[in-house]
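Got some structures for you, see below.
Same chain, two partners: chain A is paired with chain B first, then with chain C.
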Partner chain A sequence: MQIARALITRLITTLVTLLGAAVIVFVVIRVVPGNPIAMMLPPGATDADIDRLKALYGLDKSILEQFWIWIGNVVQGDFGMSITLRQPVYDLVIGRLPATLELSILALLIAVFLGGAAALTATLYRGTKIEGGIDVAGGVALSLPDFLWGLALILVLGVLWPLFHISGRVSPSLGFEFGSNFYLFEALARLQFNVVGDLIAHMLMPALALAIPLAAIILQLLKQSLKECMHDDYITLARTKGYSESSIILRDALPNAILPTLTLIGVQFTFLIGGTVIIERLFSYEGLGNMAIDAVINRDLPLIQGIVLVFALLFTLVNLVVDMTYAALNPRLRHA
Partner chain B sequence: MSFLSIRDLNVSLANGAPLLRRVSLDVAAGEVRALVGESGAGKSMIGKAVLGILPRAAKVTGGSIQLDGEDLETLSPKARRQRIGARVALIPQDPLTALNPSRRVGPQITDRLVDILGWKRAEAEARALELLEEVHIQAPDRVMKAYPHELSGGMRQRILIASAFAAEPKLIIADEPTTALDVTVQKQILKLIREMQQRHGTALLFVTHDLGVVSKIAQSLTVLYAGKVIEETDIKAFFAGPSHAYSRALLAATPKYTDPDGSLTPVPDSVIQAVEAEIAAFDAGQMGTVRA
Partner chain C sequence: MTVSRRTLLKSAAVSGMLTAVGTPVFANDIEELVIAYNVNLPSWDPTVGPSAVNPTIQGIYQSVFDMFIHQNPDLSFASGILTDWGWNEDKSKVWMDVREGVTWHNGDPLTPEDIVWSLERAGSSDTGNPIQFIWGKIGNFSIDGNRVTADVKEYEPTIFKWMSFLTGYVMPKKYYEEVGADGFEAAPIGTGPYMVDKFERNAFVRLKANENYWGGAPEFKTVTIKFVTDASSRTFEVMSGNAHVTLEMPYEEFDRLKEQDGIVGTATPISDIGMIFINDIEPMNDPNVRKAMAHAIDKKTIIERLLSNYGVPIDTLQTPDYTAYDPSITVPYDPEKAKELLAASGYGPDNPVSFKIQTTRGFKPKDYEIIQAIVGLWRKIGIEAEIEVYEIAKHYELRAADTLAPAAFYNWGNAIGDPTTSTGFAMFGPSPHSVWDGEDLMQKILPLWGEVDEDKRIAGWKEVDRFIADNALVIPLIQYVQPILHSDKVKVTPHASGALLPALMTRS
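Right, the complex of A and B next:
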């Protein structure tokens, strides 16, 4: 009963969020200067040519009318045609989404691993130079935004010591035929480890650039919560039972300290997905974000709308997953 | 031969401020020793020093703690931890915070048996069920699966008592185990601790403010003031007439449990001044021995 109500509330908020995002982007890209028709026509086109094209794409109608037509089609699964690429928006977006998903998730995993390990280590060695060193590293990681980390990484690991590829998603010279657009996932599932290696060599730097600031945020919050937990009575009691400090931190403190960090990771992960737009551009990574920038430059209205909708859907999904994990991990909520 | 033997134990803060002043204290096997003194006297510090859970700011700066004739200082940190885990247990003051809120109750009773003493999980669980029945918990199998927040304070203290007795320790340190509970529950818990202590023959170091409780549970008593042992005696002698003026004032300041509303005489200023002077003289003497 309660669960059903929670689900319905959730569904409604999701729909409202998506609709809001759709309205905003629809209006904004039609109000800002520049229009797609001007981009498409050669210099010297006549007014008649312009009107003909406008009518073709429905741009001669009012914004409200255009919106109704678009929403009506979207509800039926038709996202329109890209003006510049002349392909269905749906196919384009679905084709690029896996690349962005793989990059974001890899970045998230790296951030959780680095931030979590740093927080646990700092807690184990609290009050020593090791904690001090970890704090300094966290401060440095936070002092630069993701795209500057991207540039720094390109400089160090792409140019000075060219360990990794600085652009693209996979080496064409590999000649590997993918059956899906989830390259990394597919290569792992098919146990093609040389392909996995090549993919990682392409994805590692952009993923690191996205992960470093998030890792630092995770480190700071998780360490704070862990340190607070370490003063709790049940921790002291576990010590008297004979447990080592490290097993107490992992078994007793971590489960009680992790909830605020989990919520934070959810919010920050949506920011991270937003960050892929610039990072993909920087590393010429063939993902949704890179395509979004081209779409904006070319004023490809249907494509921009489609991409924004997918991003909005991703954000609400991430929040849903976070809420569910939160409920699963917190016994007090589970029984409420 | 006492099971716990503390000799000349000094504990001080990093800045040198003493928290315990050459404390000596024995608890014989199966004996119940009460440890009394006003708030801040250092009663909990003694328990913490034995259990190895002193706050980071406090350090042992002298003396020894022997467990069954073995000096704990000679052990490696790991060996010491495991020795304590196997032979000594703590009944904490506040049952509401002493259980891990995100773990079920059962594993919090069995964990020491399985992880530290190497029992099989099934054996440990059978033992936990047995103990929960012993502390008069109904439907113990259901309680094992419950989370702490689902249980009352009294229930949680019973669980902590069961957990303390799980490994059949030789010594239990109970640090004001009833002060966080309702008055009605306090009596039951106190009765339960005594009952369990007698059945298992465990030595008990019982920290309390309440001399009324002491008369019911303990065979011997140590009075602490400002981290220094003021008096160390058996119960009969103490209630017949303590030898130290501070102890006498403490006893006079306690309402008789036959007459709980009887008039209270707070410890007189003159007695406080005398005992403070004693502490100061002791500190001066310590300085002398350090310099010498």
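Right, the complex of A and C next:
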């Protein structure tokens, strides 16, 4: 009952957050200088042409009027038409979201694997040169922004040893017809491993670029938590029982140390999704972030609104999932 | 060309790293030509929406669709879908002869009805064609055999030139009416040298050769155009051998990479210029200030130092390729004269005239740096200009509202090379693109819009350009050069409009 009530409260909060985001983005993109009509004026256009185009795209009305029309349509599932792409915003956003989600999830998995493995190794070999080496690597990983990692990866794995693709999501010559926009999940489900290989060859570098800084953060926090746990009484007890150090770290220390890391991963995952904007651009990856940049450059107002709403929804959902997972893993919160 | 600060920083970082890296890997023979293109293709209909007036996308459109009138790489016009065209004696009608034996990509024959439908659709205010104000000047079409005739509703001397310019594409009447706008977007067909084989939005388009093309089948049977909007990634694509051709990168990168084994650089001037708009507000109403600004700019040195010599200094809004280019109109670099002019108005280094100059940063090659250099040159003679950086979208909005700063940097493309689409629309007061509203200039331009004598019309525009140069009503700076990097196994013929056309590429 308590969980249901908490969920309902959370959903209401989510709706209010989305409405707030919608109002802010709607007003801000109309107030800042630059409008889509001015962007599409050809040489020789007259004032009458400007008025005609404004009326065509509904920009001749007041901001309040435009907002009520838009929000009324959104409630009915109509997010409007993209000015530049001339397609329904809903279709465009839903079409691109899977690409960004797959990339983000792969990046998260890589980050958790790399950061987790490094933290466990550093804890196991604490006080040795190995820990020092891991700390240095973590520091380097954290000090460079994701797009520089992207460039370095392109240079090494795309140009010097051309193992992976520099741009795109799938090879034009692949000749495989996808039934959904979740290419990777679909290829895995259909056991098309050559397709999976091609997709991974496109996704690995951008995913790694996104994952490396996050892996460093996970490493630092998890290692610190593990180190603190290693001084607790139950660890001493386990040692006296004769368990090996690696077994103690994995079976006793890790379940207790992972909770703060989990919260951090949730928060950082939203940043990681935000980071896809630049990384998708760099790797010409056909995701939501790449489309967002074009939408902003072209002042495609309906598309910007749709993308921001989806990002806002994504962030609130991620936070919701993190909170629920945290509650599920932490008995004190579950019964609170 | 979009060169952001981020791009430059990345390029600098990458340049250092690349020094230690080996040479690129290229396939021995090219079966499928791969081009790393610098923009995405938002829509397949080349006649409506913002992408219809985006000059960079035209290269993709021209691969699939034919324009009414063909344009050669040197901007001259040639017979294409229309084999011949002209006016009647009193210029109250236009006529166009349609090429016979042309087929659409689906096998249907191209007919004069397609031409009429395309022109009527372009001239209708309901379709959202941004050039409707030009196409709407002819109407009441009739067909006799393969000849199309139309009444001239309003005389437009450049109507046939526009048939090689933005939105001047022949569209398939029967097919479009069958499949509708959405169906056409999903499966577009044209009469161009390439057919759309596969299109992944924002990722790539795969083209296959139109073996029945009226101008002869293109050499490369399959072409993949990858949309790679980041300049660094585009150069990496060519270096790694993943792409054979790319365009638009910082000139420093271009110079460095074209020296590498297997890579060739092609750089040619295109129909795009950089200029400083002058708004007729204080202190620009003082002709001495304007003229001093113009004479104090050393364009040649700026091009040498900032653009690695890739650029052509210009003194009017016409480049040497344009119809109304007049080499006798010059505005020489003369700082002493500039000082005298300022002194005549009571200004000098100790009592400088002050104003704001707006510029983009990274929208065109070294735009901000060029303005910085110009401001430095102005400071020496007694002009104190404060630089304001703005986004290109803001520039468009301010220009349309006639509220630009006293001086503002911008670029201007004109792929048909006619003076109406350069000096005309940029300087005619009532145009939303013009910020100089002087009555004397307006009166000089006004009669030229409807001038039926072509020689007189061009001579008239040259006089207008001379008047503008003499009075420094705008400050033309440079004609841009387009850098193209490609594999040495491909021969690339650049097009002066800036369109990168795979049909003009052959094996070397």
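List of remarks:
Rule of thumb we're sticking to: the second predicted complex is superposed on the first by the 335 of 336 C-alpha atoms of A that agree within 3 Å, B and C clash if a C-alpha of one lies under 4 Å from a C-alpha of the other, contacts with A are read in each partner's own complex, and residues count from 1 in each chain.
Quick note on the criterion: contacts are C-beta pairs under 8 Å (C-beta built on N, C-alpha and C of every residue); 3 or more make two chains touch, one makes a residue touch a chain.
Source: prediction; values computed, not measured.
Overlaying the two complexes via chain A leaves chain B and chain C side by side, clear of any clash. Applying the stated contact rule after C-alpha superposition, one finds that A:P255 touches chain B and leaves chain C untouched. By the document's definition of touching, neither partner reaches A:G133: not chain B, not chain C.
Once chain A of one complex is fitted onto chain A of the other, the partner contacts of A:Y234 are limited to chain B, with no touch recorded for chain C. Residue contacts after overlaying the shared chain place A:Y243 against chain B, while chain C stays out of touching range. Number of chain A residues touched is higher for C, counting chain B against chain C.
Following the chain A superposition, chain B and chain C show a smallest Cα-Cα distance of 45 angstrom.
The intersection of chain A residues touching chain B with those touching chain C, taken from the two complexes, is empty.
By the touch criterion given at the top, residues 33-36, 38-50, 52-53, 56, 83-87, 95-96, 147-148, 151-152, 154-155, 158-160, 162, 165-170, 172-173, 281-284, 286, 290-291, 293-294, 297-299 of chain A touch chain C in their complex. On chain A, the positions that touch chain B within their shared complex are 127, 232-234, 236-244, 247, 252, 255-256, 329-332, 335. Those residues of chain C lying in contact with chain A across their complex are 6, 10, 13-14, 17-18, 21-22, 24-25, 32, 36, 40, 42-43, 45, 48-51, 53, 125, 128, 130-134, 166, 181, 185, 198, 200-204, 206, 224, 226-230, 232-233, 236-237, 239-242, 390-394, 396-400, 414, 420-421, 424-426, 430-433.
Looking at the complex, you find that chain B touches chain A at residues 51-53, 56, 78, 81-82, 84-86, 88-90, 92, 94, 97-103, 111-112, 115-116, 147, 149-150, 160.
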